[in-house]
Amino acid sequence: MINVGVLGATGAVGQRFVERLADHPLFNLSTLAASERSAGKQYGNVVNWRLETPFPDKIAKLKVTPISPKAMKGVDLVFSALPADIAMDVENEFADAGIAVCSNASSHRMEPDIPLVVPEVNPEHLGLIDVQRDSGRDGFIVTNPNCSTIVMVTALAPLRKFKFTDVRVATMQAISGAGFAGVPAMSIYDNVIPYIGQEEEKMESETLKIMGTLKGKKIVNAPFKVSASCHRVPVIDGHTMAVWVDIKEPIAELKKAFADYKPPIKGLPTQPKESVHFFDDADRPQPRLDRMRGGGMTVSVGRLREGVRFIAMGHNTIRGAAGASVLNAELIAKKNYL
Amino acid sequence: MINVGVLGATGAVGQRFVERLADHPLFNLSTLAASERSAGKQYGNVVNWRLETPFPDKIAKLKVTPISPKAMKGVDLVFSALPADIAMDVENEFADAGIAVCSNASSHRMEPDIPLVVPEVNPEHLGLIDVQRDSGRDGFIVTNPNCSTIVMVTALAPLRKFKFTDVRVATMQAISGAGFAGVPAMSIYDNVIPYIGQEEEKMESETLKIMGTLKGKKIVNAPFKVSASCHRVPVIDGHTMAVWVDIKEPIAELKKAFADYKPPIKGLPTQPKESVHFFDDADRPQPRLDRMRGGGMTVSVGRLREGVRFIAMGHNTIRGAAGASVLNAELIAKKNYL
Amino acid sequence: MINVGVLGATGAVGQRFVERLADHPLFNLSTLAASERSAGKQYGNVVNWRLETPFPDKIAKLKVTPISPKAMKGVDLVFSALPADIAMDVENEFADAGIAVCSNASSHRMEPDIPLVVPEVNPEHLGLIDVQRDSGRDGFIVTNPNCSTIVMVTALAPLRKFKFTDVRVATMQAISGAGFAGVPAMSIYDNVIPYIGQEEEKMESETLKIMGTLKGKKIVNAPFKVSASCHRVPVIDGHTMAVWVDIKEPIAELKKAFADYKPPIKGLPTQPKESVHFFDDADRPQPRLDRMRGGGMTVSVGRLREGVRFIAMGHNTIRGAAGASVLNAELIAKKNYL
Amino acid sequence: MINVGVLGATGAVGQRFVERLADHPLFNLSTLAASERSAGKQYGNVVNWRLETPFPDKIAKLKVTPISPKAMKGVDLVFSALPADIAMDVENEFADAGIAVCSNASSHRMEPDIPLVVPEVNPEHLGLIDVQRDSGRDGFIVTNPNCSTIVMVTALAPLRKFKFTDVRVATMQAISGAGFAGVPAMSIYDNVIPYIGQEEEKMESETLKIMGTLKGKKIVNAPFKVSASCHRVPVIDGHTMAVWVDIKEPIAELKKAFADYKPPIKGLPTQPKESVHFFDDADRPQPRLDRMRGGGMTVSVGRLREGVRFIAMGHNTIRGAAGASVLNAELIAKKNYL
């Protein structure tokens, strides 16, 4: 068992990390770190548990530590649920202290020597860990993409063998993506908010890095363009998106590509049986009915039509956040980077 | 005053017609027609009024008639809120009996001699009324588009002077579009349904007819393509849509086109001061906040960005249904077709 | 293993039965019965699965039978998810044919020789099975209460040792209680409907029977009155209710009664660890956070205050419907009535 | 015209004040006061207008002043939309400076010489203004009740002639009651929160003062008890409540009392035609359909049943807040207290 910790363990994504790590077969959740206010107290007494799954009682008495490498002795890997402005420096500090960091924060995602990874899409990008180590650091940082980006790149992975240059995506994103208190009910109830700060930019840049190619010590961006329009809708969990991609092959071949898709990696502990589930139904996927497929880790695809158009949907706080980081950590362990 | 009637006066769109006609300056709402079950009874006793505006008491005692030209003596124009399967024959029957029909039903929209009109977009298409009359009929049928199509074509009207060939649109449509009982709460609450039957086909075909050109006795379709992806979201009223259009001119010119837009028609009684309202705000339009602009008749546009991308939003049962038909009737009256 | 069937297997409650029986340790789900339209086809092809848990694939190929004892050979017990108007005769037919019926329908609940049972509240009422058998029938009918009643009586059970005569209850009920298509989104979104047909009458009468005493061959009603006000709110699952009960003992004693409560029955396969969970928190229970406690079988109680007032909440389609019937069947099996 | 100002003009209640005062026949909205951050800027540039009615353009250029009597020269009356903690001192400061204060804040409501008034219920309580003046102050403070209390006391007013001692009320309150950002969407969506801080206490104490009797210089509390259970539900505007009251007279007499009710005051400019509207329908009132009755100022009552039980519903930010204060000011003007 590898001793792991969570940075920012009391927030929305932090709670999802705790939920997923409480009974993990590879990782022993030994340390929970949070802000000064909580440090020194028992986790069960400071966390306001807001998940629909029951609170994992065995974690209740764990004493919360401050967020610093010194305070987190014996930990080999930390999961970062920190806000982006704090994550930048803190994650570097942990990596410099010899600790592996799997981060859900956006701060380091686009740095050239930091892998931005979805195990079923670009596992080979972990090679950038060696580039980081070459620079003299013992630890390293590995990031996962933004929640919308993950859903889209996972849905595009089976289509990689076809040539395309133009991707358009209109998202219908869940409110949980903004954290527990991020969206006031008065703002989103009976409403659509056609704007999410920096979301379109993230989808447009992160996608090209993830689907790019590791050449030597560098990622060469994928040779297509993404144009995104991002919108918040009154849904609790699950990002739905309408995607257009300019593939010329017949729909039947794309359908086969989705249905037969085998990701380059298999057998990671929390990897779902299907990374991509393809629906033939006229009206699926739907977030409420399909977000928990594969324990929240499967991306669902449907309504494949001429155009080429299709719908992709995935759970934004599981597949799109904490679950993504944990899956990255499992890949890192399997590839013996620890 | 012109005596008018409503066909299908008890349903969702029928109630909107009654609401808009109860105090109209040109039209005297003299007859309400509904199914056999309601005929002979007072309207106030058979309608289950579900609008948030108060029931117009002066209409309460109007006796409901059957849906037939004979039963609706003295009426010069009828508004049709009939379901598409019934509308086909019934509307012909009224037109053959010398009555003008303004229909919200889809049945006749795509017939070559039936105008499909949005007054601010293609008023000249009313010329097809003469084509209908040439065929020996005294009355005529004029239709308005599907609720999503209206919002999009009104938003595209200011951009007509630019050249474009490719329109993509992803809609986030309100539940009222399916009628009072059309969408079960269990289906749409905390959910997105990425499919609305025949909606994409309607947006793709109707748009080309409306934005086409009347040449002689025929409409020549507009020379671009529309690719639509239509979705239902948990919003009561107001269809929001993300639109891409391949215009090459600088964004500043498009912005000016929206801001300075003057429709070809003005001064109709229920026409809003602004047919298109342009928002500079980062996060507008939003359906709950903006759907009632211009009494529900203004289409709002915002988030104009490189791509070219923008958001359009309009009230689907006012601008997109009953309000559209009434505005058409006002145009018909102004152009002396009655 | 006892062979069981489900009557009305394709509807909302029917699907919950299938979900709960697919892997049951005592019951072998061997037969699914539905309307003529579905009979003869494979269950997987006729059901429109609307639960958030994945469809149990092993059931997919089961051939649907008509709803009749003859068509359901080899079945010892059936669960009835039939609508009340059909249930009356059909359930009698099965009981007359020697089959045990666990019914969620309201038709037979108030008949004097039919047990209306919640295992943790009045298991001894199963004694009425003998009364039914005395009348010459081989099979029998056992019913569970209405979904709101179950939540309330389970919450009242720990308070039985105190004397009270006056219970008031105001419910805030979920939309799933009306079935998949029972509540149009246009009716309930951004709204409260302060009326649910026959619900108040059911809570007021069923409660007295359940909390009554079996004396000889009859139930003597409990000696208190219930006054209910029932309301539908925009919640998917989970009925919440504010309860007043005129107990004079100090709140601390009531709190202890809730916290220490041991039901008269334990160890049934789907019985939750806690039949009643007591919350000390200021703002619990809440349906979205607490409805799945105990796999949806625990009733949560909180906000115990002078008055005496408290809040009770339980999952209406699990604890309040299919789960209740299955728990009854488990009790029947344990008591050797099969 | 009387010059008036609004204290806290940019918040949720403040915006409602501005909406209601922009075209008022008695009051000239001459001054808008807000926090230091906004002071000195034009109102249209600092307010984030979130109401569904269009922003009143004529107010846009009004310069925002600091919240102090000195900065608000020429104002005879101010409406206070301040938070309770600030309102306590600031409102005293204005009253001491000779200005009339109509406050929606809770700070002063229960003070013995401050009238807590609903014009249709206890207009004579304005007599306490003289008590305030006797203490040497030129101005005075008049308050309106909490939003839930107003709805209940207005519904109870027609029943005053019957004797009762015991009132129970279970509320289903709208999210707007907590201000624009008060309730996170993640907290209330698909949920009920069975707790609103201090709300039950307010309903229980304010009701007795309002329905009490002015004897000499003092209010003698009404001789009954109120027991409240307060809950938040996913509704935007409109508080619905189930009320029990122990009246022994036949239901028909109570119904007549509601239907024939004439409030003690009539003809105030924003007073609705009906202060209380009585519904005979089985399923009314409902917040979405009925909250705007009487321009949001009518309280609706329905489902009157043995028990005695009934449902009351009113718009919480109009009748229950800003509209209540404005109506109080109209009464103050009519009674020549200015």
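Chains: A, B, C and D, in written order; residue numbering restarts at 1 for each.
Heads up, the rule we're going with is that a contact is a pair of C-beta atoms (placed from the backbone, for glycine too) under 8 Å apart; a residue touches a chain by one contact, two chains touch by 3 or more.
Predicted model only: the values in this text are computed from it and were never measured.
Undergrad: Counting C-beta pairs in contact, does A-C beat B-C or the other way around?
TA: By the number of C-beta pairs in contact, the winner is B-C.
Undergrad: Quick one: point me to the chain whose Cα centre is farthest from that of chain C.
TA: Farthest by centroid: B.
Undergrad: In angstrom, rounded to a whole number, how far apart do the mean CA points of chain A and chain C lie?
TA: Comparing mean C-alpha positions, chain C is 40 Å from chain A.
Undergrad: Where the centres are mean C-alpha positions, what is the separation of chain C from chain D, in Å?
TA: 42
Undergrad: Between chain B and chain C, what distance separates the C-alpha centroids? Give it in angstrom.
TA: The computed centroid separation for chain B versus chain C comes out at 47 Å.
Undergrad: Where does chain C touch two or more other chains at once, residue-wise?
TA: 50, 189-190, 234, 236, 288-289, in rising order.
Undergrad: If each chain is a dot and touching chains are joined, what shape do you get: line, ring, star, complete or other?
TA: Chain contacts: complete, every pair touches.
Undergrad: Can you list the residues on chain D that touch chain C in the complex?
TA: That would be residues 168, 170, 172, 189-195, 227, 229, 231, 233-236, 238, 240, 242, 244, 282-289, 302-303, 307, 309, 311, 313 of chain D.
Undergrad: Which of the residues in chain C end up touching chain A in this complex?
TA: Of all residues in chain C, those touching chain A are 50, 52-54, 189-190, 288-289, 292-293.
Undergrad: Can you list the chain D residues touching chain A in their complex?
TA: So the residues of chain D in touch with chain A come to 12, 50, 175-176, 179-190, 234, 236.
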